[in-house]
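Structures are listed in the sections that come next.
Shared chain: chain A. Partners: chain B in the first complex, chain C in the second.
Here is the complex of A and B:
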């Protein structure tokens, strides 16, 4: 009976905590949601007097908006894929191998987190213009990798450090080739960290503004650029609210999919 | 499956940056179906040699399997079942899927692999553990799962790298019996790395002693203990008194006087190897020594003696025996059991009697 009482109390605390978090995250979005369904919402009205769905239908009917969302999504997916791959390789090497000049490499890896992005973006732009990478999606992807790779590397290094490197040797003796050993032992064992690294990189790219503006030079339009422009005055409060909410959809969808994937048990 | 004959020829291995090579021109024969214990002190290269056999490490030299050169064959194609000191179970798989891992990599279907895994788990007395996670197992259980996993694909050789070292003594004995039973049943060519002579003797048919990058001697445990080929082997295999002298026609002459030695022992300038068991308390013995210490261990009494020439001898007497007190003289006889000669060493200390006995025993490896 004691255990039931304790677990019931635990469930109660859990529910309360979840509610607090939900309100904390959800409450600021509520005004945005209301704004996106009206044209005017004046003081001292508690709620708008007139409701409309035209803001959303306008948004969906504007090709630039849809294209910017798509561009952002594609760039973020590519950035997440490359940053995760780079993080896997770097994390593995830093955690498992005796690397010459490890401290220097580690410092280089976390440098983008320490150096103000504005300082590095200027230099990166000059280099990219010379290399012909400016003003195009490839350049933007590369620029987004700069802040994304440190996170994936740190995350995946920690994941590898918690795993015995000899597991792969053991897999080799059981008939797995070098790649198969990684695929069937290391990757499944660190899958939650891989999913987290991918998600992080996606979110970093998705919300990246500065690098996109400077490297994309206005030719590559992503969702944050539309949002910033709209918020800065080109759009109405209603349109900006709808745009902000629309930008929540891809990351949330990714989180839901990743969560479902990492929970699903997989056989050998 | 018929057992395979493994041969190592001229194996050289040096770690990058190391001063001395780990293995230098090592030769070893592993006859089909036998279990060989690879014995040696820590860091002597036993595990390195096992990795070379498993294909996990490359080295100069040749590895032959039934006469076929497999030196360049990758680990995954060697058909070697390997168990390391740590169980190294895959944390994301349950016990049954761990055992089935090698079968799945060889393209065997899920249901057939599951059936075979269940068989193997029964073999290691873990029939009910299939659905459990590795983290839920005790050390001994995990190591049994690792053994089942290594054996599941019916490997051509079984390579065990100190698989019992991390286990509690009580579990170690059970696991030792299990490994021996399975090895005898399957007649699989097996190499068992250990630093423990007792473990080597109990599990393996043959013992190969690895010292200074080579096999110093291979044979039965009794061969190595009673008939060592060199003073180095004699010292490694346990406490022994080494007395310089000459062996002429089966009679050793040196500071201990004339001692008959078994036929076949090296002649000429030699060292007489005197194991504790060669010194036998005997009221009718032809020798006397002064008792310097008596330690009653309960199961036996250990007596320290000083011989006429000042050398320290140790002998074990059954409990309850009548013994002279410390400082008195005890009569004893030498051998013929546990006496042997080895070629005299040049430039090396030939006598270990100046060493503390405890120190000599310690170097013989842990007995459990």
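Here is the complex of A and C:
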């Protein structure tokens, strides 16, 4: 009797806690969703007077929007690929090797997370202009690597630190070459972390606004630049809302894929 | 705070014996080679960029080679009353957002743990991480504007007759819209960090305290929170540094005077008048100094975390 009452109360608390978290996460995004289907929505009504789907069809039919989303996707994929590779190498070195000046190197890696990287983008801009990298996607990729590489390095250092390097050594003893040993022992074991690092690096690049503006000038138009301009006044509330939500789709899709890959990871 | 930064706070200590395992003459060179790509980015692009920012804020012209060095942009900036109000605005935004996120995030983590809803709670919290700050700022401007959703709810509840009756929460004098946006965005981050720090080790100490007849309040105050403190300190440092130096949210939801420091820095940097540029860079450098102090503080917090986990 007593235990049922306690567990019923327990289930109630759990449901309440989860509901609060769900509302916290979802509620602020709800106005975006409603606005993106709104034709007219006058104060003080709680729901629009007239609904429409033309905001979304207009969005899909605007070449500028489609181009910006594609530009963002290509830049973010390149940033994620390079940052994951650099993070794999550096994470392995920091976790498994004797590194001279480790404390200093680790502080250097953390620094771009605490010092806003836009200051370095402002500093490097003149050099990029001279080198022909400014106003180019390549220059924007280089700028986005500054916040992305620290994340991938920290994530993949943690992944290597939780793994015994002797496993790879055993594979070598059994005749595997260095690359094949990594591919068949270490990589499968840290695959969830590799997927997460790739996803986060993609997300960092996908969300970056200020450094893209500083390095890309007006020439490289990414999704956050269109969105910021729209929110700052060029777009209607409905168009801004739809554009904001459209930009959530690629990173969420990627994180779902990364999560599925992580779950499929098998212990070695 | 960008997602994934949880990793920065929850890095486990290397398994003992690993480093002593890997020896050999060529290994040092391999380590350097492995670190090179990351160091090119962190030292070359980031460090080099910062050095160039400092040089240009002092009046140097790195590409053409001319320009004379002086501290004049710093004296101009530091004497400007707008700069002083901007510093106070940014400190207020960062401090209030950080404290709110820490309090709410810790409370959420402890509640989810005690109600045995960790995995589903974690999944919900992680769903908030990929939302860019720019989207958060737009969402909150729609919710908080004087004719926004909250204002309409206030009207339905009979609390406000017209949009003008609703308190200003966007572009308001106390930066409440900015702080609410950050608190919304950073609370799940703090909660995720706290949940991953609330491992079985803390559970053991709590059980031990319970057998020593410590009540729930005493356990929380003397066992759980002190053991959680290093992780929370590190998370708080990341949130403070981020909210102090981020541009999008105050640019969209802030007032035009006084502006948050990053907004002031970018306006100077991008101004048409060329002499505003060194001043903008000087502001950016001063923000970086605060970030550098946070980096040192983070290093200290990480040290404490490392000694605690070696218990």
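What we mean here is this: the second predicted complex is superposed on the first by the 242 of 268 C-alpha atoms of A that agree within 3 Å, B and C clash if a C-alpha of one lies under 4 Å from a C-alpha of the other, contacts with A are read in each partner's own complex, and residues count from 1 in each chain.
Everything below uses one rule, namely that a residue touches a chain if its C-beta (ideal position, glycine included) is under 8 Å from a C-beta of that chain, and two chains touch if they have at least 3 such contacts.
In this text the structure is predicted, and so the values were computed from the model without any measurement.
Student: Given the superposition on chain A, are chain B and chain C in a clash or a fit?
Tutor: Here the two partners, once superposed via chain A, fit next to each other without clashing.
Student: Which angle, to the nearest 10 degrees, do you get at the Cα centre of chain A between the Cα centres of chain B and chain C?
Tutor: The C-alpha centres give an angle of about 90 degrees at chain A.
Student: Have a look at where A:220 lands relative to chain B and chain C in the superposition and call it first, second, both or neither.
Tutor: Neither partner.
Student: Output check: A:164 vs chain B and chain C. Expected answer is one of first, second, both, neither. What do you get?
Tutor: So A:164 meets both chain B and chain C here.
Student: I'd like to know which partner A:188 touches here: chain B for first, chain C for second, both or neither.
Tutor: first
Student: Touching A:89, do we find chain B (first), chain C (second), both, or neither?
Tutor: In the superposition, A:89 contacts chain C only.
Student: If you count the residues of chain A that each partner touches, which comes out higher, chain B or chain C?
Tutor: C
Student: Tell me the contact category for A:59 with respect to chain B and chain C: first, second, both or neither.
Tutor: In the superposition, A:59 contacts neither chain B nor chain C.
Student: Under the stated touch criterion, which partner chain does A:175 make contact with: chain B (first), chain C (second), both, or neither?
Tutor: After superposition on chain A, A:175 lies in contact with chain B alone.
Student: Quick check for you: in the superposed arrangement, does A:79 touch first (chain B), second (chain C), both or neither?
Tutor: After superposing on A, A:79 lies clear of both chain B and chain C.
Student: Least CA distance chain B-chain C after superposition, rounded to whole Å?
Tutor: Scanning every C-alpha pair, the shortest chain B to chain C distance is 6 Å.
Student: Let me check the overlay on chain A: which residues of chain A are in contact with chain B and also with chain C?
Tutor: Residues 164, 166, 169, which sit in both footprints.
Student: Enumerate the contact residues on chain A facing chain B in the complex.
Tutor: 163-164, 166-167, 169-177, 180-181, 184-185, 188-189, 191, 267-268
Student: Hey, which residues of chain B end up touching chain A in the complex?
Tutor: Touch list, chain B to chain A: 54-56, 74-78, 80-82, 84, 86, 88, 90-93, 97, 100-102, 104-106, 110, 113, 149-150, 153, 159.
Student: Quick one: in the complex, what on chain C touches chain A?
Tutor: Going through chain C, the ones touching chain A are 2-5, 7-8, 10-15, 18-19, 21-23, 27-28, 30-31, 33-39, 41-43, 45-56, 61-63, 108, 111-112, 114-117, 120-121, 124-125, 127-128, 130-143, 147-149, 151-153, 155-156, 163, 184, 187-188, 237-238, 241-242, 244-248, 251-252, 262, 265-266, 269, 280-281, 284-285, 287-288, 291-292, 294-295, 298-299.
Student: Under the definition above, what is the set of chain A residues touching chain C in their complex?
Tutor: Within the complex, chain A contacts chain C at residues 10, 13-14, 17-18, 20-22, 24-25, 28-32, 35, 43-46, 82, 85-87, 89-90, 92-100, 103, 105, 107-124, 126-127, 129-130, 142-143, 145-147, 149-151, 153-155, 157-158, 161-162, 164-166, 169, 196-197, 199-200, 203-204, 206-207, 209-210, 214, 224, 227-228, 231-232, 237, 240-241, 244-245, 247-248, 251-252, 255.
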